[in-house]
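All chains are identified by letter, namely A, B, C, D, E, F, G and H, in their written order; residue positions are counted from 1 within each chain.
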Amino acid sequence: MAGKVLMRGTHVLGEAAIRAGCRAYFGYPITPQNELPEYMAAQFAKMDDAVFLQAESELASINMVMGAAMAGARAMTSSSSPGISLKQEGISYIAAMELPAVIVNMMRGGPGLGNIAPSQGDYFQATRGGGHGDYRVIVLAPAYGQEICDMTRNAFELADKYRNPVMILGDGMMGQMMEPVVFPEPIDPKSLPYKEFTLDGAKGRPKRLIRSLLLDMAMEEELNWRLVRKYEAISREIVDQEMYMVDDAELVIVAYGTAARIAKGGVHRARKMGLKVGLFRPKTLWPYPYEALAALSRSVKKIVVFEMSTGQMVEDVKLAVEGRCPVTFYGRPGGIVSTPEEIARTLTSAYHTMQTLGTAGAA
Amino acid sequence: MAGKVLMRGTHVLGEAAIRAGCRAYFGYPITPQNELPEYMAAQFAKMDDAVFLQAESELASINMVMGAAMAGARAMTSSSSPGISLKQEGISYIAAMELPAVIVNMMRGGPGLGNIAPSQGDYFQATRGGGHGDYRVIVLAPAYGQEICDMTRNAFELADKYRNPVMILGDGMMGQMMEPVVFPEPIDPKSLPYKEFTLDGAKGRPKRLIRSLLLDMAMEEELNWRLVRKYEAISREIVDQEMYMVDDAELVIVAYGTAARIAKGGVHRARKMGLKVGLFRPKTLWPYPYEALAALSRSVKKIVVFEMSTGQMVEDVKLAVEGRCPVTFYGRPGGIVSTPEEIARTLTSAYHTMQTLGTAGAA
Amino acid sequence: MKGRIEINKERCKGCGLCITVCPKHNIQISQEINAKGYYPAAFKEPDEQEPEVKQCTGCSMCAITCPDVAIEVYREAKDESSSQSDE
Amino acid sequence: MKGRIEINKERCKGCGLCITVCPKHNIQISQEINAKGYYPAAFKEPDEQEPEVKQCTGCSMCAITCPDVAIEVYREAKDESSSQSDE
Amino acid sequence: MKKVFSRPKSLIDTPFHYCPGCGHSIIHRLVAEVIDELGIREKTIGVPPAGCAVLAYNYFDVDMAEAPHGRAAAVATGIKRVRPEKIVFTYQGDGDIAAIGTAETVHAANRGERITAIFVNNAVYGMTGGQMAPTTIPGQITTTSPGGRVPLRDGNPLDLSEMLGIAAGSVYIERTSVTSPKGIIRTKKAIKKAFQAQIDDKGFSLVEILSPCPTNWKLSPVDSVKWVDNVMTNIFPIKVIKDVA
Amino acid sequence: MKKVFSRPKSLIDTPFHYCPGCGHSIIHRLVAEVIDELGIREKTIGVPPAGCAVLAYNYFDVDMAEAPHGRAAAVATGIKRVRPEKIVFTYQGDGDIAAIGTAETVHAANRGERITAIFVNNAVYGMTGGQMAPTTIPGQITTTSPGGRVPLRDGNPLDLSEMLGIAAGSVYIERTSVTSPKGIIRTKKAIKKAFQAQIDDKGFSLVEILSPCPTNWKLSPVDSVKWVDNVMTNIFPIKVIKDVA
Amino acid sequence: MSLKIVFSGFGGQGVLMMGYVLANAGMHADKHVTFLPAYGAEVRGGTANCTVVISDEEIASPIASLPEFAVVMNYPSLLKYQNMVKTKGRLFMNSDLIAEKPARTDIEVIEIPANTLAHELGNDRALNMIMLGAVNAACKIMSVEALNKAVETVLEGKKRSLVEINQKALAKGREYMLSQLKAA
Amino acid sequence: MSLKIVFSGFGGQGVLMMGYVLANAGMHADKHVTFLPAYGAEVRGGTANCTVVISDEEIASPIASLPEFAVVMNYPSLLKYQNMVKTKGRLFMNSDLIAEKPARTDIEVIEIPANTLAHELGNDRALNMIMLGAVNAACKIMSVEALNKAVETVLEGKKRSLVEINQKALAKGREYMLSQLKAA
């Protein structure tokens, strides 16, 4: 079916996953992402080659995903902030075992139990590996319904290609909001290439082993450097961002996901007021678009970072900018969703103080 | 007792905790830190006001610590990498509830099950909050037996003062190695001031409530900013580092914990060869000594970061340096413990390429 | 024994559980909606029209059952009741 | 029935469990240490000195018990044994 | 006439946020009545984890400690071990105690922690909007078992209380329901016995209470009560499972 | 003479890393013999989590998947759900299956996952150097119960297998020991029944095997065997706990 | 064109469907649209609300801080939204369930006896489409065809049979509104 | 002064105590010392080893990549450490359990019949202190008093009774070594 459909983000993600050939979902309820497992439960109930299992916990879910991935499936799990914290050990194992897996985090207000409103407080956890050891998770941050669809398809492709966990990082609003979406043609899982690591019985071949225990330090070091090389390749090959009205911009606002679409509205309004402002929106949070932003930092006078948190991505921005221009931060944590007007005001005042004091003072 | 005693790091930590008035330990076995719970079990068995409980898991342990802290105790838990990943949800709650707690991570090789050799792969997790939401954990990184003792005492003081989780970040070698230590006088827990948040029954006072659920977004945002203000105060008040032979140094190596003492050995040898090199050792990893390092980056020609990982703290170094001088990285992940000679070689080659090419190329 | 109940109409959520347990059929859902938008329960004195409605005995079944603790029950002390035993 | 066992002295860790289960006392710990530093078990043929040591029957008790699968057991096929039934 | 039924002291005089006919409301009142009658309000600490009843801390006039989802038994253990003279109870839903909190619950019971667990079994995840719970019964429709729970695919309902009966450290375990005055009175007795077992330092005590969730069952409060009595009790029979207190 | 006893095919011909007299070694051989006899080597997948036997993947000549400590049942569930035609078994220690893995184990059993769990109960945390396990018996000295386990302080040994017997999805659960040829033969029979239950698609099966850990018990292999028979079996009686396969 | 509409009432009133149908109509008309339902604990207590944004340009935020229009189906909703509506904006209220009028004078208040009209139509549950028909007629948001098509999209599958009555309801609401406007 | 010594053997031989006593002696002499025992899986299979570093300066690494001295109590240990010792370094071996000699010629190999000497002393378990006494005599690491005091520290409390025999063992090892050196 080509036509546009109006669907909420969680359902878009579920449908896109199924069309990407995902036939194994393991999860545990948590607001604001319950509509995703509910969608999978309903759809998979109609299919005979698909597994939906509500696990006893997030811990169990991520480990079931690990097993399903070992068995060769395109497997996924989803949760929200506290539940994602519980998956960190498992994610570290999946990364170490170099297994493909897709993990969805629809962030909510935190820390702790917090609330169920949209938030972006899990950026560090997602991009710096909340789990133990040197590993990276590919992190995709959709800002529009259609992007949820496209990035979900891509998530499964990247997971298989690089044998690495991929996280789709959204928030309550991304998950609940409905927008028109056009879905791609479905992939038949049977048409996907056989994965050489698959554990399906040592028939007519040597036994296979999937593990992360490497008591020999030299072997462990070797794994670590192999992963580094893989991560470097990923950084070269998939880093992605949207740049909006940046060509003549003197001030650029950097934001991702929900915050980015609101920031774009702010840029709009500011432009109407004649301010030369633009938006830089990372679509991959890891790998982060350091080069593109570094280049931009050479042409603009100032950068404002906007997050629905007290300031996390701002560090990546600073790592990219390396002091070439002042970087300031504007944040609304705890589930507050700013209005485009509010961002326009922020841009205006930042714009006017641009010439005067302008050191990189983040919140 | 004043006199020096020769004790292994884990035992030093345990004894120092007891002398700091810790009377509640909850943990779960994992190498290489088992000697710590074993020490607590042995000591607490002799005391009638102390609780040692081997929990059914790391998850249970951190939540028992949460409960013990609510009840007003100086409580602690300890583990190593994979076990610490499982504590992330609990740590996020403890930070959100603003409860004091001490968490020990004796890092091992990772990711995944990895191995039990000394490693520093959990820096991101420790300093960026492996858990969900905007929160920070105070992270202390001892490099010597005596420092384990002193930082442990300090950890409990800081936890109570700021009502915040404090992590002592070591590694297998820190934990196993014996060095001479002089212990401070013990604190009698009964002599510690009563904590106003203590849950001990609403007798002759209004009921108390400890929670992290703040469904109202404005309240959640308010908590988040209150935490930020607290974190800013902590950053001002406790940040700490050792600077060794940096005054005339043209090249400085930055390292912490085990890596730092080896780096110091490397600096020694390099100095003997007449190279103007020095060591910058952060003792607090969060808050990170950005200012001191920034200042240093103005006087030196180059900075080499050495970690027993594929490069994590190097980001904090770059955040401090802001491109003022080239920052390069040397790492040995997976449990490999470099020799001072190896570091001396690294410093030498870095020193000689200093004038020539010198961009911040991290592994 | 003679009794009476008072229903806090703002606390009541109109779940109707009290109605099902009252042995004397002394409770019914009232017509006017309360501030929260619920149709609360109301106490019903016996009258000719509805023979099944008997005198409330203050047995407290309704109050015990009420999830929202919206019911308070009153009962005549022994003596009072005896003095009015055949009303 | 007549049997015999072969003990892989490099695999043996000298745990001694086989010795405790052998009904014929055909196993003992040998004196020379193996590469791994263990004193391995060794098969013992019957001899006058030690009357309690009987003929190995190939019952496999030792092999079943050996944690390190260090024991292989051989037994005379029916016919052979019968032909030598009264040895 | 004199007042013969009124609100317990330990229950703060404020409206509940629970849905009409929700069992949580009744159970809150019963726990408060027991706390009043045992005179332990000033030394009691309640531990409600995530769940519809996480806000229980707004209703009980005793010290309250929120717990992460599933970890109530661990948090309560931490509190009780540090303050053995206090009375500590958890207030957990089926999802909390029998799914994500299985390990913490089983081990607290097996250790014989001196705590009392109020286990509210409403056969569904209430707070999150009606997903399948470990106690959802075969055939029951939930948002994650849209065609009804199929044991072969979705697993069987878990007899947690029966399992806890095997735990060496548990001393009193009973299953009741709050679907009738009789059941409510029995439930209160059970809760009282459970707290008494803790006061007497006997061991771990638990009361599993079958409790209506009209909202997620998509039934009226009155029909919900019937469903508990006619359907749910077949899988979760009302009975004293263990009593060595 | 002809060879009447030799190494099973499914057991790779390499020396074990286990200590002298360690029960794991015997149990490995028995599992391999059963796999041979059932002719399922080419469709079997083994799941050993962290524990002394995590290196089991070096010994079995079948596909092997390491699991995080305590999560073997979940990993096995993921594999089996995706490949229902394969035979999946976990190989877990007492700490793994009865402490950190309690929830995963209870729920896999209750769901009736078609997997087989080999539960090696050596009453101690072997790999980590002899700490108290959920199955450590009262009075037993371990590195975290230096004066011997005191149930009131340290908790009681957990009867996990009995609890799993209550789980609706479990079909075969037996407790055996490998302390004598008789026990070893019985254990092998039990393991075979457990695998057969999976082959027959009956449900969850488990064999709990009392197994010596001479190193951490600080006993000779011979005395360790005696300790199991004379002491451990009093707490963990040898018996068929459930058989509806 | 870019407008935000809030729909609010209690559960049974089909509030979400109003917004969903309108948003679908906007989509069919190739507009940018977002539909954001309230979720989670918010929904407790049986109140429901949703926000629809329809625009020619990409939509920044699906949240209506200052909606042009608000449609309130019961009294609590009136209290919640009357002060949110933009100056010169319009507030549509179900006069059958709401006695009082809002205090504000800087907005246009339009009363629609939705329950009554639905009853006349012979289907009490159709009050939501009646309301929507009226709102659309008053504000000329979408074409009649677009709304009717949207109803078909929304009710495809099992609910097919309900299409006709809902389209009738849209029409009836429209008629009522137009007659009122003439009257005025 | 700064030297690294590795002690290795199997469990029963009291290898760790050798290092522990020496490190304590170093501490009492106000030197910088580190003592690093092998741990975890390394220990499986019953082999034990530890490294002691004694120095006038702060010690960078407690690991002995190139130890000055190695003390090997059994054959596997010889194989493991013979090639690690620094050129011109010394390798002490328990000649009672090790028949072969190491191939290397750039190090000094010193054989000590530790088991025999211990047996002579009437305490087979004292072989570790005999070895240590000998090593210390040969390398003049610590004063006799320092070692004796260290033994007391290490064996304080329940093990008090063992102090004397262990000090005797240190002395016996020392005598043996000195006599050998004279002989040479």
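We take it that contacts are C-beta pairs under 8 Å (C-beta built on N, C-alpha and C of every residue); 3 or more make two chains touch, one makes a residue touch a chain.
Predicted, not measured: the structure shown is a model, and the values here were computed from it.
Listing every chain that touches chain D and chain E alike gives F. Here the chain-to-chain distance from chain D to chain G, counted in touching steps, is 3.
Centre-to-centre, using mean CA coordinates, chain B is 57 Å away from chain G.
In whole angstrom, the spacing between the mean C-alpha positions of chain E and chain F is 34. Centroid to centroid, with C-alpha atoms defining each point, chain A and chain D lie 64 Å apart. Shown for chain E are the residues in touch with two or more other chains, namely 19, 50, 54, 66, 68, 99-100, 102-103, 106-107, 127, 129, 134, 154.
In chain A, the residues that reach two or more other chains under the touch definition are 31, 53, 56-57, 59, 82, 89, 93, 97, 112-113, 116, 211-213, 215. Each of residues 40-41, 45-46 in chain G touches at least two other chains.
Across the complex, chain B is touched by residues 20, 23-24, 27, 33-37, 39-41, 57-63, 65 of chain H.
Chain F meets chain B in the complex at residues 50, 54, 66, 68-70, 95, 99-100, 102, 125, 127-129, 131-132, 134, 143-147, 154. Interface residues of chain B facing chain E in the complex, by the touch rule stated above, are 23-24, 26, 51, 53, 55-57, 59-61, 63-73, 75, 89-90, 93, 97, 199-204, 207-213. On chain E, the positions that touch chain F within their shared complex are 99-103, 106-107, 110-112, 134, 151-152, 154-159, 162-163, 166-169.
If you check the complex, the residues on chain A that touch chain G are 4, 6, 8, 31-32, 116, 172-173, 176-180, 261-262, 264-266, 268, 337, 339-341.
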